[in-house]
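I have placed the structure first, in the form of structure tokens, so that the comments after it can refer back to it.
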Amino acid sequence: MLPVPYRVVARTVETDDSATLRLEPIGARVPHPNAGQFCMLYARGIGEVAISISDAWNGTLVHTIRDVGAVSRALSGAPPGAVLGVRGPFGTDWGLDSAVGHDVVIVAGGLGLAPLRPVVLGALHRRAEYRRVTLVAGARSPGEFLFRAQLAEWAARADIDVELTVDRPGAGWDGPVGFVTEPLGRLDVEPSTTIAFVCGPEPMMRFSANVLLDKGLAPDRIRLSLERNMQCGIGVCGHCQLGPLLVCRDGPVVDYVTAEPLLSAREL
Amino acid sequence: MPSLAVWKFASCDGCQLTLLDCEDELLTLAGQVTIAHFLEASSQVLPGPYDVSLVEGSITTPADAERIRQVREQSRVLVTIGACATAGGIQALRNFADVEQFRSVVYARPEYIETLATSTPIAAHVPVDFELRGCPIDKRQLLEVISAFLAGRKPDIPDTSVCTECKRRGLTCVMVADGTPCLGPVTHAGCGALCPAVARGCYGCFGPMTGANLPALTGQLRRLGMDDTAVGRVFATFNVTAFREADNEPPH
Amino acid sequence: MSHRTRQLRVSSLARVEGEGALRIVVADGHVEDAQLEIYEPPRFFEAFLRGRAFREAVDITSRICGICPVAYQTSAWNAIEDAWQVPVDDRISALRRLLYCGEWISSHALHIYLLHAPDFLGYPDAVALARDQRPTVERGLALKKAGNAILELVGGRAIHPVNPRVGGFHRAPTAAELAPLAERLRHALDDALTTVRWVAGFDFPELQLDCELAAVHHPGHYAIEQGDLVTTTRSSFPRRDFLEHVTERQVPHSTALYAELDGRRYLTGPLARYSLNFAQLSPLARDAAAAAGLEATCGNPFRSIVVRAVETVYAVEEALRIIGSYDRPDPPAADPTPGAGIGHGVSEAPRGLLYHRYELDAEGVIRDATIIPPTSQNQAAIENDLRRIVSANLGLEDAALTSLCERTIRNYDPCISCSAHFLDLTVEHR
Amino acid sequence: MSSAVLDRAGLDQLVELLIADGYRVIGPTVRDGAIVLAELDSGAQLPAGWGVDVAPGRYRLRRRSDAAVFAHSAGPQSWKQFLHPPRRRLFTDDGAGFEPVEDDPGRYAFLGVRGCDLAAIATLGTVLQGTDGFARRRDGLFVVAASCLEPGGVCFCASMGTGPAPGPGYDLSLTERIDDDGHRFLVDVGSEAGAALLDRLAHHPATTAEQDEARGAVAAAAGRMGRQMPVGDLRALLRDNRESPHWDAVAERCLTCGNCTMVCPTCFCTTVEDVTDLTGEHAERAERWASCFELAFSYLHGGSVRVSGASRYRQWMTHKLSTWHDQFGGSGCVGCGRCIAWCPVGIDITAEAAALAAGHD
């Protein structure tokens, strides 16, 4: 349970209430994470919470945090130079390698883009090994997209299809309006060669999965990332149970075969 | 330095005294905050606004109803301390009684009584940032709330049963091992299970925890031999209004 | 003095327990009015005690005052046990006295160090005092903590103890549990003696009480937790006659009921106890008093701080004595048998005499309750002091005179929270 | 290894030797109207002559006609209190980095561990073995087990396969016998450390007759369990009853007080406390026992996942009997009956399981 000290070396404001931190180890470092894993980030004296890794290289960790409470406020507001505690990386990953040779469909709602960014980057990095790569991302309003510069960059590329949509349009938005399920519904999906990666609020993930199922995608080809209260990250505190799962250990990434019955039960 | 103010409304003073009872921490605290308004302890009164106000006591007069509004206006963070402030206190028994009768017992001059028909919690008058339970509040919890506000974190004040504290202390349950009626299973934790530690049943100083299943406990109290009057009485003390409310809420 | 009217007013008294105000009107060099106003909203305790089970009286009346809850609890069980003549084991009585000593130590230390001493030394509060004299304030806090340690160990909690009950305690501590207290109290005894020497060195304005004194008296020891009554003019009377001697009167200009003893103004509290029961103090306490310049009676209210310090020495000694000869009561409580009856209970709250009377029915339900707290008994004497201190110091500037008045009130450590018995009046703020 | 016989004095000697060897001996003793587990200075503190009457929501001490020391069933605490303490500080930070708190409770010797509790220690180990706090406490543990000859009114270890004879994991195991031949213990040896200790005690080898008699008594105890789980696949039963209306019926009775989880010898859940002092200079982390009955247990920003009493009870019981298998490869319930006895309203996990199995309400 002992955190490893990391220093914030850069802080980028993403939206009104979220920021991306680049962390570098001060001494010892945690193992290199896989795409989809998360860390427990500790703000000294305030608390520790689970935060996905939104990018990582060479010992550097990138986390994108939304301010929703005391701990996430302290973390997302941590200025360059601040020292945070890091434990991890924990949990299952997106298993991007198993999608080699497939069409990759990435569906992100709001902050869900953070844990999915490593999927996009991974696929683009070894672009030739994947077939079609599509990113469908939604946000409540145009200003609430994470990584806006990067999104624009990707949108400009020919080797990835980027579909953005917002719930509430704002000034300067001439793109589609509506939930991610709409652009997703318009997508041509070839069930036998597609793997989908979905992350966002639970209802959004369920609706998106349903759209994909309707298109004939088998549930074991749909992966999503779950969220439950987490205190330890190592399967000993019990808080993250979701039926048979310890989400910190057996998740956060699970396929829809596993997730469907759990998400459809009330108050599980 | 952040400023701290302490205010008193209808109460016994015990919750404010809890602050002075922090013998080991009082001078440290005074080094971390400016005690800007604390009549019980200081004749120095600094003008507001105040960073944190601790409010003790319930509202029982129109003048106090006005005064709490002023306190709220001057306070960045307002924390209510104790059952009087969070639930109206034992003096809220008047809310359920025939005030006429009360008046005849104590008062010779009925013309002053009209305004005193109820005792209400602070939150019924102004927005409250945090409610610290207890009759009286617990010293460690008070320090935790102040430390948390100073550090900008969420106070670690679990909204759970007294039983969880009782068991963590390794005490033997008085209800199971002795048949002593105990309100622990429905009472908000915080005291550290003081009563079971002296072989008595909890009598509910901290009021109901969220989602307390009062009907289930009431059934058990009856099985342990309490009649309706007795059951009525145990819930009609310092947190009478809160227990009544919890009883009216269907258990989740 | 010129022909003019002077008004002194402190709308919120500081360093007193509870909410009170002060109003003095001086006209033509003559004190026309001197009021200690109590605007603590009433909380109807006597009313809602009606219909409650006798066992609840201890827990409920405790909530009248967070500063001296043990006093309320004690007077409550005294009255109920009196009604039914419950035989209480000496070992239980000793444990009760120990508990009460805890309250005396804690409350006296609070008053001496945190509320009263700053007056004599010219500080607004103990925190400011600590900036210059930290070890002194720390000593006071340590003393207070020792008192609280007794309350916590014996009572289960320092404020509103949970362990006491009618008949005794829910659980009596073991000797092994009490042992560590003794260690702490030995230090406290040194601190208490130092406290006497410290406060003895303060400057005391001249003032002599002019009223009757009343205190609880017990043949066996310096009365704290039980006894009957003794006054200056009347050697003694039993507690059951309390209401025959003490009458309460409503005065038009104040919210509180004024108590009078045989039609006269009177005072209870440390000065009364000390002066009436001096012979029963321990030799150590009496020596400390003598060294501090006190005689066998003390009539200067400003010196009450010294008397409190002497009583603290006594209370610490008593606590040590009780722990030293502790014999765990088993069972920890007598089992009272309810019956219709009336009982009277008195005890000495740190700030004065506290009387309870209950009328109980055959089932042990309270049919009527009367509670006369110390402050309502002392109020007339306090106001009289105010009158005289103002008359004697009319030459002072308003600010200085006002602060002298506040000090005069603080001499009595009035505890205004116990508004069980006060009337409400809309206070005139002029 | 062959069995031996120890007399009553030998048991006291066992306690003495363990203490002399530097162990903190934890065993049953009478306190506050119950047989609790506490550190013992001598065998004289054992609950000689005390038995218990236990029923759902009810526990009473009872005087026995003999001086048996192990003739009682589980009390309010379990060995979890010592191996996985209610609150444990994890690290401190005074500004110079994270300093682990390596608390050292010393070496424990547990005396009188029942079959159910021995299984519970193993179960807890499966979950917590990776944590140094647990490992530190369990390594070097010396276990003296005790066969259950008088199962209590809420015991059902036989139907969970954990007793009444203690399974593996002990150093020594005692079967208490009292008859015309006196007060004695049949001793089985489970480890070399156990054998070494036995060697230092006055004992005699057990005859076949002595062994047969004691084992027969233990076997007979299996038939006297106060309760039993319904036969069949509990794991599937719970899994298939996620939407049963029965959960609402239990919720009417359940106080959501969390007692069942606190007394359960295998419930391991904890909550992390990150706190600072008034100055903010000192920060520290601790963990304390948590309960899935607490509302905050499943809190996610915006609200708790499990709000209703029904969902919280379902979580607990399902975890104990079903999802524990998924997570840790076995049952989370060992059949000690504590949750039944110490539930203030006497909710009975075996009865609830039976109701689900019967499929009606």
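The chains carry the letters A, B, C and D, assigned in the order they are written, with residues numbered from 1 in each.
We adopt the following convention: contacts are C-beta pairs under 8 Å (C-beta built on N, C-alpha and C of every residue); 3 or more make two chains touch, one makes a residue touch a chain.
Note that this is a predicted model, so its numbers are computed, not measured.
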{"item": "Interface with more contacting C-beta pairs, comparing A-D to B-D", "value": "B-D"}
{"item": "Length of the line joining the C-alpha centres of subunit A and subunit D, rounded to whole Å", "value": "41"}
{"item": "Approximate Å spacing (C-alpha centroids) for the pair subunit B, subunit D", "value": "37"}
{"item": "Rounded Å distance, subunit A centre to subunit B centre (Cα mean)", "value": "43"}
{"item": "CA centroid of subunit C to CA centroid of subunit D, Å", "value": "51"}
{"item": "Residues of subunit C touching at least two other chains", "value": "none"}
{"item": "Multi-chain contact sites of subunit A, meaning residues that touch two or more partners", "value": "45-47, 69"}
{"item": "Interface hub residues of subunit B, defined as touching at least two other chains", "value": "151, 153, 199"}
{"item": "Pairs of chains, among all present, that meet the touch criterion", "value": "A-B, A-D, B-C, B-D"}
{"item": "Contact footprint of subunit B on subunit C as seen in their complex", "value": "12-19, 40-48, 50, 52-53, 56, 59-60, 63-67, 69, 110, 114-115, 118, 124-128, 130, 134, 137-138, 141-142, 144-145, 148, 156-160, 162-163, 165, 169-171, 250, 406, 415, 417-418, 421, 423-426"}
{"item": "Residues of subunit B that touch subunit A when the two form their complex", "value": "151-154"}
{"item": "Subunit A - residues contacting subunit B, complex", "value": "45-47, 69-71, 73-74"}
{"item": "Subunit A partner contacts - residues on subunit D that touch it in the complex", "value": "90-91, 93, 97-98, 100, 127-128, 130-131, 242-243, 268-272, 274-276, 280, 283, 285, 287, 290, 292, 297-301, 305-308, 310-311, 315, 318-319, 322-323, 326-327"}
{"item": "Interfacial residue positions of subunit B with respect to subunit D in the complex", "value": "25, 28-29, 31-32, 143-144, 146-148, 150-151, 153, 156, 158-161, 163-164, 167-173, 175-179, 182, 184-186, 199, 209-213, 215-217, 219-220, 251-252"}
